[in-house]
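Think of it as A, B, C and D in the order they're written, each chain with its own count starting at 1.
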């Protein structure tokens, strides 16, 4: 009987624990956020103590009558004392019956702790319930459609350009011209540039007082600067984003393509040359088919990453008129804006599903083509 | 005849034939040179396409704030001035956040590399049930937007009392880069011939010693390249950084945070400053990039 | 890569890590949602350097990050933040979470020497009678700024200190016709929601949320879309801060927060003038912004915190804040005689605005708690859909009003000025 | 007509000179083998003919057309690569048809030609298979079929058999030779295997360090190497080279090896005379010496160190002074390790070599003519 290999699992264990702790667990948690709502209710207590038995339940915003109050003090670590009030209150619960009990000051809004006779319930224990509300809110948001559309449009415009450019770059490098190591360095430069920095770079070009307008005006091609970034003509904004993204993210595709090219034996390409294939035919019939696995990896990687890019969009266009899914995720998450992690989580889940779906599609599309060839 | 027997033959031709041949030859040579030349031109064109925006932002970073706002803009940093960059660098928070960025990136590098070495070795050298599933799983985690991951992570960190700490952000970044690092390190180990390791074992090493004395030294350059890649990723990562830290911001987080609240001179100087380290790091690892990806795509 | 490089990197790593661990000092930590703009934070730190009660670490923060941090510190019981500085609108959440000391006694001791604006003190009680959640720190608002070259195109008979929105539109048209470029600028990427909440809606409808879908609101949206926006620089969608476009000459007339216009006045006071925001049919809507100082229960050094607040409220410090940061005092006795030219220009516009007979002060939304940001998005969305996407005005306002109502109901927020006070949740009419 | 003419070709890779001023003419329908150790420039030369690496100077003509700077597709050539270079993503049929498709020939013609080529190589049953699942020998056949189907005037083969195992190589060698003879294409065949070269080529060009040392028929290359290198590279065992001293006795030039005095033939007298008092090498093949088991006139006694029975012959390793001599003898020849044998050198089989240059010493033409 074969011994079950323990060593590899032991070696993988630390990484796996780490990834579960910092990736899988938060991921499941946040996916849950998309489908779970926190409700709030307040337990009235039999005694003025947090652990006392609950005697009834009130909903948020219920008005309560204050019957009695109890003041205690807590000494804080910094030496100060902090007064803590418990109020004995009376109110009508959701069923309409009048109930009485104690609540802590932190759960009610009260104008004066010492004098007021009414208060309003503002916080309490949380419950969780399953809900589709957040998904619904995402789908019905007026930006959802345009964000999805723009994201797909950008991917559809950027990816082909990137792949063509990356393949050209890779072929140029492969042709082993003089100084190709310098070109190699230059072509891979954008690899380490964040989408934020890239956004700033291209903002300096496309803004009204930017380099492009400086060039056009100082050469006399335009009398006055043209405003590329404007709601009226979104084509220019799309073009600017496409350029910035093609500029930034082509190098990773190129690196993958070059690695793929290196794996193709030189003989095979030369054979194509000998048997009469011109450059285009060699590319079409030999190089590209043999690069298929590399291109597939690059395609999946780029698509996944393209769904997550938004700093370029925000830095270049403000992110309001033109928006993408990742930007919407942030808009809903951003504490200064919607501050709604639930809808943000819906967006995140949606992006993940789209990414995985498209990756599956790529994989299947490519495989079925090979199977078709074999079946011939 | 026993002399040299190979023929120094030239076809006998009339002068007209020779002339025709020469013309033919010139045409062919022109075509050949044209082909080489156009490849060269293409390379230069592509290089300009990559370098131009970098040059322009550099121009901005080394002009006075007044020149930065001027129109039409200069395409060269004349008059040369470090005023804009100085202002950026002297802004409180920038030096601190640069230091934070360095610490975070280095910590992330250490954590992710230390974890990835055994994992990568396991994937490279052992065949075990679930190996492909693990490879696939590792890749697919990258499909989840960090945006939302940060929310529950922040909760976890707060619960652990690790919120707004440099090392907690480093742990997050390590988690983000770990999948890629594992795969890259695995490919590096795959490229170290198994025979070396076996030879070491034959000559008296334990498997551990063989790994430590033979495999690891051979893999160090590749692993270092992977580590630098982690560094660059962490250096550029902005989302988790801005959500997980408040007072201990990293550089990109600090820049993003102040970006929409500051003028163009600050923006451009910041863009330039963020760019520089990546230029340096890519220089160090440029040759390893292809090996790394070549292995992964197989 | 040589092995040496790798070792070197590792060595540097160890050094850096060691460095940060030991670099903790004993200071008063001041966490503020204000002055997190780079230039402003610099100046704030300079002012704080004059505080004699100890070293102050001034940390800029986003609102929600501040709330999260305070909550987290309350849970663990071990705090780092001594003083917070935040907008009035930030405090409801902190109040709900019961995180802040009662500063009634501190305020009383401050008022022994200096008179603090009573209206703001009242706001600081957050609707209670006997609990001072924050002590007002400073105030600000939004005004207009214009390059002097623009004045020649001002419509005939228009008084720049009593402009109407219609006149602004006319002015914009005249400038565009003369220069060939749109010369009005709004910070659409920045604090634009404040323009809608505090200026557009109140000026045309007299209210902020109650009249959200009224006929007057429809007329306002139509005005924005048809009369004003054609003359607004389209790159406004990418403007955060209007001083940049003013300084670079992209626009000649702009609307923004005084602090965000300030650099233009500081840099070229001779070129720019400030003037009150225009008035609409219902009056001159404007939004005073109040910033308060509070002490969380978890403060490691409450005495230091109190001393710092006392310092911040002194007329000298208030004067310095006005001079250097363009935020206006909340105490009496501040010397305004020797102000820099730019600050004086802006102060003039702010006073003209507050004292104009048709002024309608509109407060920041109150009582929305953690969902305070959502109302901003509702106003922005309404504008975006009408002006940028060209949707039907009434439909958009009806739909967004429904969302707004849900928000108000769920948070139980009562109406706030300029809307009349309400019993229970505020209702959109 | 597909004569290949290479004139003064030079190719450098950095400082390394891969082809050093090579000129060579390959006649129409001729089968020329480029033979030499690895790194001698033979593959580089082949690639220069193919157009896969342009020469730095000099020219290449194919069929009278200067193709020096033309890309491969315009040269009317076909090629079999060392690693076969068959396209892994195409079926065998598509591989063979590739070049024809590039020429945009009609479908029917392509099918006919592919099937014909496949039949010649006995792979007609594998046309729909992918190369991935095929053995080395089968792939090799596909590569040859592809080259043949392309039907070019010139066929270039870069060590086509080197990746096959010994038995298969032997089998394929004969088959290939027959096939190529039938096709009648001008063929340039690169190999480092001298047996392959001797058995297949019409002529062999022996290369070393970027230079062609000798171009000749296999027999001449074998029997009459023009220098020491060719002699030692070709043949197994390699040619023996014995150090002898040139002296003049009685007016005639003689060469002394050990105790033996050899008298060179008449036509060599003048040429060898200039070496008087110096050494020359006497090159002689192992099978060309007469081996005796007892002393006789004009024989050289040598001591047997090793005896290697090879079946059809015995190979003796012997020494005289510090010269090692390999001798092949009839299997029945009595030789024992430690014993002595006597060698006789037939003068007509001797090559005289200048020890300094390694070049064969050739007779003075004037003497011969006189």
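In this section, contacts are C-beta pairs under 8 Å (C-beta built on N, C-alpha and C of every residue); 3 or more make two chains touch, one makes a residue touch a chain.
Computed from a predicted structure; not experimentally measured.
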{"item": "Chains contacting each of chain A and chain C, listed by label", "value": "B"}
{"item": "Most distant chain from chain B, judged by the mean position of its C-alpha atoms", "value": "D"}
{"item": "Which two chains share the largest set of C-beta contact pairs", "value": "A-B"}
{"item": "Computed distance of Cα centres, chain D from chain C, in Å", "value": "90"}
{"item": "Cα-centroid distance, chain B relative to chain C, in whole angstrom", "value": "41"}
{"item": "Chain A and chain B, separation of their C-alpha mean positions in angstrom", "value": "22"}
{"item": "Inter-centroid spacing, chain D versus chain A (mean Cα positions, whole Å)", "value": "67"}
{"item": "Junction residues of chain D, two or more chains touched", "value": "71"}
{"item": "Shared interface positions of chain A, touching two or more other chains", "value": "203, 207, 209, 225"}
{"item": "Set of chain B residues in contact with two or more other chains", "value": "69-71, 264"}
{"item": "Those chain pairs that satisfy the touch definition", "value": "A-B, A-C, A-D, B-C, B-D"}
{"item": "Complex interface listing, chain A residues touching chain B", "value": "5, 7-9, 11-12, 14-16, 18-19, 21-27, 29-30, 33, 165, 168-169, 172, 175, 177-178, 180, 183-194, 196-197, 200-205, 207, 209-211, 213-215, 217-218, 225, 247, 255-256, 258-260, 262-263, 293-294, 297, 301, 304-305, 307-308, 311, 315, 326, 329-330, 333, 341, 344-345, 347-349, 351-352, 355-356, 359"}
{"item": "Touching residues on chain C, where the partner in the complex is chain A", "value": "62-65, 67-68, 77-79, 95-98, 101-102, 127-131, 180-181, 188-189, 233-235, 237-239, 248-250, 297-302, 370-374, 376-377, 380-381, 384-385, 387-389, 412, 424-425"}
{"item": "Partner chain C, residues of chain A touching it in the complex", "value": "60-61, 76-80, 82-83, 105-106, 109-116, 120, 122-123, 142-143, 203, 207-209, 223-225, 227, 229-232, 316-321, 331, 334-340"}
{"item": "Residues of chain C that touch chain B when the two form their complex", "value": "1-3, 5-6, 9-10, 12-13, 16-17, 19-20, 29, 31, 36-39, 41-42, 45, 57, 59-62, 65-66, 68-69, 71-72, 75-76, 78, 189-190, 240-241, 243-244, 247-249, 263"}
{"item": "Interfacial residue positions of chain B with respect to chain C in the complex", "value": "69-71, 91-93, 99-100, 102-103, 106-107, 109-110, 154, 158, 161, 163-164, 166, 217, 220-221, 224-225, 227-228, 246-247, 257-258, 260-264, 266, 284-285, 288"}
